[in-house]
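Structure provided below as structure tokens; questions to follow.
Residue numbering begins at 1 within each chain, and the chains themselves are lettered A, B, C, D, E and F in the order written.
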Amino acid sequence: MDLAALTSSLDTFWILITGALVFFMQAGFALVEAGFTRSKNTTNILFKNLMDFCIGTLGFWLVGYGIMFGTGSGFFGAFEFFSEVNHAPAGIPNMAFFFFQLVFAATAATIVSGAMAERTKFVSYLVYSAIITLVIYPVSGHWIWGGGWLSQLSIPFHDFAGSTVVHSLGGWLALTGALILGPRIGKYKNGKIYAIPGHNLLIGALGVFILWLGWFGFNPGSTLSLSNPSLVANIFVTTNAAAAAGGVATLILTWLKYGKPGLSMSLNGVLAGLVAITAGCDAVTPGGAILIGFMAGILVVFSVEFFDKVAKIDDPVGAISVHGICGAFGTLMVGMFAVDGGLFYGGGAGLLGTQAIGVLSVAAWGIGIGLILFYAIKNIMGLRVSKKEEENGLDYYEHGETAYN
Amino acid sequence: MKKIEAIIRKSVFDEVLEALHEVGIDFLTYYDVTGVGNEKAGAIYRATVYETRLIERRAITFVCRDQFVEAATDAIVKAAQTGEMGDGKIFISTIDESVRIRTGEKGPESLYIK
Amino acid sequence: MKKIEAIIRKSVFDEVLEALHEVGIDFLTYYDVTGVGNEKAGAIYRATVYETRLIERRAITFVCRDQFVEAATDAIVKAAQTGEMGDGKIFISTIDESVRIRTGEKGPESLYIK
Amino acid sequence: MKKIEAIIRKSVFDEVLEALHEVGIDFLTYYDVTGVGNEKAGAIYRATVYETRLIERRAITFVCRDQFVEAATDAIVKAAQTGEMGDGKIFISTIDESVRIRTGEKGPESLYIK
Amino acid sequence: MDLAALTSSLDTFWILITGALVFFMQAGFALVEAGFTRSKNTTNILFKNLMDFCIGTLGFWLVGYGIMFGTGSGFFGAFEFFSEVNHAPAGIPNMAFFFFQLVFAATAATIVSGAMAERTKFVSYLVYSAIITLVIYPVSGHWIWGGGWLSQLSIPFHDFAGSTVVHSLGGWLALTGALILGPRIGKYKNGKIYAIPGHNLLIGALGVFILWLGWFGFNPGSTLSLSNPSLVANIFVTTNAAAAAGGVATLILTWLKYGKPGLSMSLNGVLAGLVAITAGCDAVTPGGAILIGFMAGILVVFSVEFFDKVAKIDDPVGAISVHGICGAFGTLMVGMFAVDGGLFYGGGAGLLGTQAIGVLSVAAWGIGIGLILFYAIKNIMGLRVSKKEEENGLDYYEHGETAYN
Amino acid sequence: MDLAALTSSLDTFWILITGALVFFMQAGFALVEAGFTRSKNTTNILFKNLMDFCIGTLGFWLVGYGIMFGTGSGFFGAFEFFSEVNHAPAGIPNMAFFFFQLVFAATAATIVSGAMAERTKFVSYLVYSAIITLVIYPVSGHWIWGGGWLSQLSIPFHDFAGSTVVHSLGGWLALTGALILGPRIGKYKNGKIYAIPGHNLLIGALGVFILWLGWFGFNPGSTLSLSNPSLVANIFVTTNAAAAAGGVATLILTWLKYGKPGLSMSLNGVLAGLVAITAGCDAVTPGGAILIGFMAGILVVFSVEFFDKVAKIDDPVGAISVHGICGAFGTLMVGMFAVDGGLFYGGGAGLLGTQAIGVLSVAAWGIGIGLILFYAIKNIMGLRVSKKEEENGLDYYEHGETAYN
């Protein structure tokens, strides 16, 4: 092998292995969602998480990849059915790049299922999750990673590994879905708010550890190359530091606020830190990462309280707060903490402005299309299971199969 | 003193608890059981479709003074009735003696709130 | 024959078992239940702080000849008492008949060790 | 009406269910319990070998009209007997009243299939 | 380092990391098997999965490696006790190749334990699982991967990563084992077939996710080199696509056939797709992979029904269908879908013929030796636990230790 | 990229991926500890495992890294608050080396939590675990890996991946902690010893599989470079062989000793093999590794019995035996089995002497500082929860949150 070939082998290896770690996040999401919901819906939630990846795999190949990376306008790529067009950066096989992008697309879809857990019809879930991977995610993804308008601004929008592209988009869709669906029976009764504890925190915690591991694929892998090993190493450190800081922040805050340190919330705090650092993991210092993670860990608590108690939008696993709010927050923080161009480093408000534009336009897209999508599904095929099915558990009625026997 | 045991659907548990509270029953013990009765459920496991009569239920039991029995029974029936097969049963029996462990006191007294 | 049912704290289970053993009760059956009673516990789940009256308990039940009842009751009270709310209750009722499945024999005889 | 409670080995559960079905008992409730009795089992956990008298059992309970009691008892004994220690016990007691939640009807009537 | 050394480092890294992923499949198998069986046998099934790997590790080194790769006849390698002979391809350290082959060997042994779960004597399990890794697997492995007769046919047998070498062999052994062992008590009673639901689908699903991840080591790692990054990337995509298609096929079929989509079957569907693509993951297009996976997902349902209802061979986890049938099927499909030489690509029936020869001869070997092995064990030391042990659970009697307390 | 840059990329990739595997061991420890304890303390044990990594991450950066690797005396590195000083070997970015060292440091802290499970105050846990990562581990780490006195002996102390640096240090701290804390209520009563079975062996077994996987990062990654692929491959094989031999040894011994093969003990046996081979994984042959692993698998059984029955130190998961005793044992065995310098290979007793010095000095340090630390915490803030909290479970009282609902 010559040097160029070897470099290509190494980079391909890199994105495939990190892609495999991102794939494994599917298991992490499945466990977190199953652990944070009730045992009568466990089969259902596992099935959803399995199937959105299966369907997403086929759908992203069918049209998603083309829409996202195809050469089109600033707003839309191209329809390339069963894409064989090469969109990979030089030196990387198209299929490696495709695989890497695919696992990201599936993540966006999976996020939604948590917020809508325990009451959504299975068939409707399959439909909307397919639409997300096939169309919704690729469109806004095109704007940012596919050469679209947000990447063409004079100060380009910076979302390195997808705080906005993946997470906040998923979060906004989750928001509209949970809103239109309404809360679970028993969550709000006679003006009171009831906690509906998840059935297995151990499984939820294992899910978080798996997600954390997966993030070492998600963020560093987004370099798509090992040509800059320092950068890759920095990303490992910033990613890890933000997660840790998020966990510590939530630990402290819940202790102060509720008198006792809460595990369920701290698990969210770790994820909040991870989501928030994703946009700027390449651009901030370890110190910056700790601050971003710490703030995200604080923010997620207030955000969960807000949606639970003020907005009364029932989100069993906190997906809206973790992915939507902290994703948006982390993207904005790039405008503050980026060593190159951030406000705190003398870069002025330019980058921050661009980041805000990006965050807002993806929010508008996600919320707008989400409202249309979920209303349409609600009216065409129904979005929610019957009261009886919900009360007795989706596992019985939707699948005839309980998870625990 | 009477002991009231009710086998109900898990999904009506909260309602039953509230209904009992309204008629003054604030103490009880419950646990999850499996019931065999009129109701059947279709189930699938791997390639086998089967009908099961084993369905999850919740058993509620409490001991109360005799004068509470009727109100409590009515409350349960009202809260737990869906009208479909499988709503469950209430059984009432006699308790000879009751002891509050905390104080050692015996008899119906031991059932009061203190 | 009498049936004794005691709802106790899980944490005193070993002590109760020993105390019963000392008064000659060596057979019993137990299972875990949830109790609703005077005791309350603070709980937090994600951002929601709430007070729950649903607290884990253990139910012990055994059938014994009438002359054991008092000793057994006292033994349980002594071993299970912490003095704080939530220590639980003992209920005693009458059993008409008892059968030892192994031998088919009936009546109080079936309760002896053999 | 009588209440029949049987503590049996889990491994004979299916047989008992069938035997009861044959004598006309189609309704019952069961749950898993731990039994303390004559049977002992050797257990090891990490380096500690110990003997446990705590063994998993299944409790079956149902209420039936008086005339069923004998047939039901016999059926259980026959199906659940292995002849080795630990086969379990059957206890029979009196139930004062029974209510079918679905219809609210009371008395032995509420036990019929409908 | 010079270029050659660097290439060697890279390739070694590659097969060690993919080997580690394959190792992790042991955990996946353990979870799938534990989840799909009853809780009273959980300690036993975990213990078996742990021990077959431990014993396999020692045994494969003792003689397996030599039998498989040693220079001998076309039918048998060589006895090289505690092998130190180098069988690795140029540029790769022998120990790296050894490790990679070892984790494959252990997989074949593990497959069997699922089909024979809940009624096999522990000591007998240890014996037959040792014999599989020490002798049975290496012998047929030699035919295909060790330079034996199947690799010397004029059109050589193509089994890239082991649909036949590993999976269908394991499946055939599982078949004979389950056959000789007989069904679990309660599975067939008075002419009726009873479902014996697994005790924890969540754990089963996690196992499948772990296996899927492990397959990203199993298939791509079988390149043993990164010199062709495109090929490696393609294998990631075909592997993933077949798994997804298998899952979707089972979803649809169970929905149509049973009225409700079934998770337990769809988990098998995913595995069926993975097993089926393993032989040709390097040789087919992504489209071909989807078709193969889809058909495997259909096939597995009918196969499970066949063994359950017609043949009345009780296979608690579906190992015969997933590994045996779908492994054979996938191997045959190489003859159809291989871009280079497949029937559908104008390559004629030659490759298909070879594939059939390979499939049949491994089936004959697996079934023949399996019958001998299990009959021998049955007569010498007994294969099945007593009725009492089976009814009360193997955990109590075989180990004195229950999994859940 | 030129050759040097490419080498640097490759090596960075190597230590980051192996570092990620070591990170994943946190999940493994969490599962093992949760599985081997009672369900009423599951939230607590998960929370501890999560938080020691979060706090360790921040703390190791704050001072630990500097103390361990800074240029100071032979006994202590340097205070480098929020270290930016480069301590990495040539060719590796500092942040990559930092990340790799960080995940090791967190492991040492986590070990302690198992031995002190089910009765330690949460806040006290956070304090002592922080002190371990911030100070205690870096100090003795400095002696061995940071250029300190043990690495400067005429025959330098050999602890390749941390049998002593990480594991036995953790074990000694666990010993002092468990000693000062006293046994769990109900463990020793009226002169009798009671078994307190863990609540979920399946989760414990999954934890062991994850740890085993993580060890393929722990040991081979400690090469910090792929420049010698044979060495790396050897380490995979020795690591794996010792684990397998440890498992087999415990299987046999428990079978002989207790009449039945015990899973809970065999899981410890696997870990014992892994811990023991860690020091010499680079220096011994596969045969040597098997012997070391086998002896460790025997030793751990007697050691667990000793602490349980003779010393009456209650260690719910066996951390003292697995990490402390087997870590020390494995380190000594390097003096016997090292191909280069070991007693059995004609190297004389020199290396063995050095190994003994290292083992003893780290034991002295760990036990000495552990006694001070835990006594101090006991007197200042209290180390143990109240009787009532312990009996009802730490989850209720410390966190207001139960793991299973």
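Throughout what follows, a contact is a pair of C-beta atoms (placed from the backbone, for glycine too) under 8 Å apart; a residue touches a chain by one contact, two chains touch by 3 or more.
Worth saying up front: this structure is predicted, and the values here are computed from it rather than measured.
Peer 1: Would you kindly state whether over half or under half of the residue numbers at the chain B/chain C interface are used by both copies, giving same or different?
Peer 2: different
Peer 1: By residue number, over half of the contact pairs should agree; on that basis which option among A-C, C-F or A-B is the same interface as B-E?
Peer 2: Answer for the repeat of B-E: A-C.
Peer 1: Fit chain A onto chain F over the CA trace and report the rotation angle, somewhere between 0 and 180 degrees, nearest 5.
Peer 2: Answer in degrees: 120, to the nearest 5.
Peer 1: Averaging only over C-alpha atoms, locate the centres of chain D and chain E and give their separation in whole Å.
Peer 2: 44
Peer 1: Could you tell me the distance, in whole angstrom, between the mean C-alpha positions of chain B and chain F?
Peer 2: About 51 Å, centre to centre.
Peer 1: So how far apart, in whole Å, are chain A and chain E when each is placed at the average of its C-alpha atoms?
Peer 2: A distance of 34 Å separates the two centres.
Peer 1: Residues touching two or more other chains, restricted to chain C: which are they?
Peer 2: 31, 42-45, 49, 93-94
Peer 1: Residues of chain E touching 2+ other chains?
Peer 2: Those would be 3, 6, 10, 13, 17, 197-198, 200, 258-260, 262, 264, 399-401.
Peer 1: Sort out which chains touch which and give me every pair.
Peer 2: Those chain pairs which touch are A-B, A-C, A-E, A-F, B-C, B-D, B-E, C-D, C-F, D-E, D-F, E-F.
Peer 1: Which chain A residues qualify as touching chain B in the complex?
Peer 2: These residues of chain A touch chain B: 186, 388, 391-392, 396, 399-402.
Peer 1: Chain F touches which residues of chain A in the complex?
Peer 2: It comes out as residues 3, 6-7, 10, 13-14, 17, 21, 38, 197-202, 205-206, 208-210, 212-213, 216, 220, 226-227, 229-230, 232-234, 236-237, 240-241, 243-245, 247-248, 251, 258, 260-264, 266-267, 270, 286-287, 290.
Peer 1: Using the touch rule from the top, collect the residues of chain C that touch chain F in their complex.
Peer 2: 9-12, 14, 41-45, 49
Peer 1: Inside the complex, what are the residues of chain D that reach chain B?
Peer 2: Within the complex, chain D contacts chain B at residues 3, 17, 26-31, 63, 93-102, 104, 110-111, 113-114.
Peer 1: Show me the residue ranges of chain E that touch chain B in the complex, using the header's touch definition.
Peer 2: 193-198, 254, 258-260, 262, 264-265, 268, 301, 304-305, 308-309, 318
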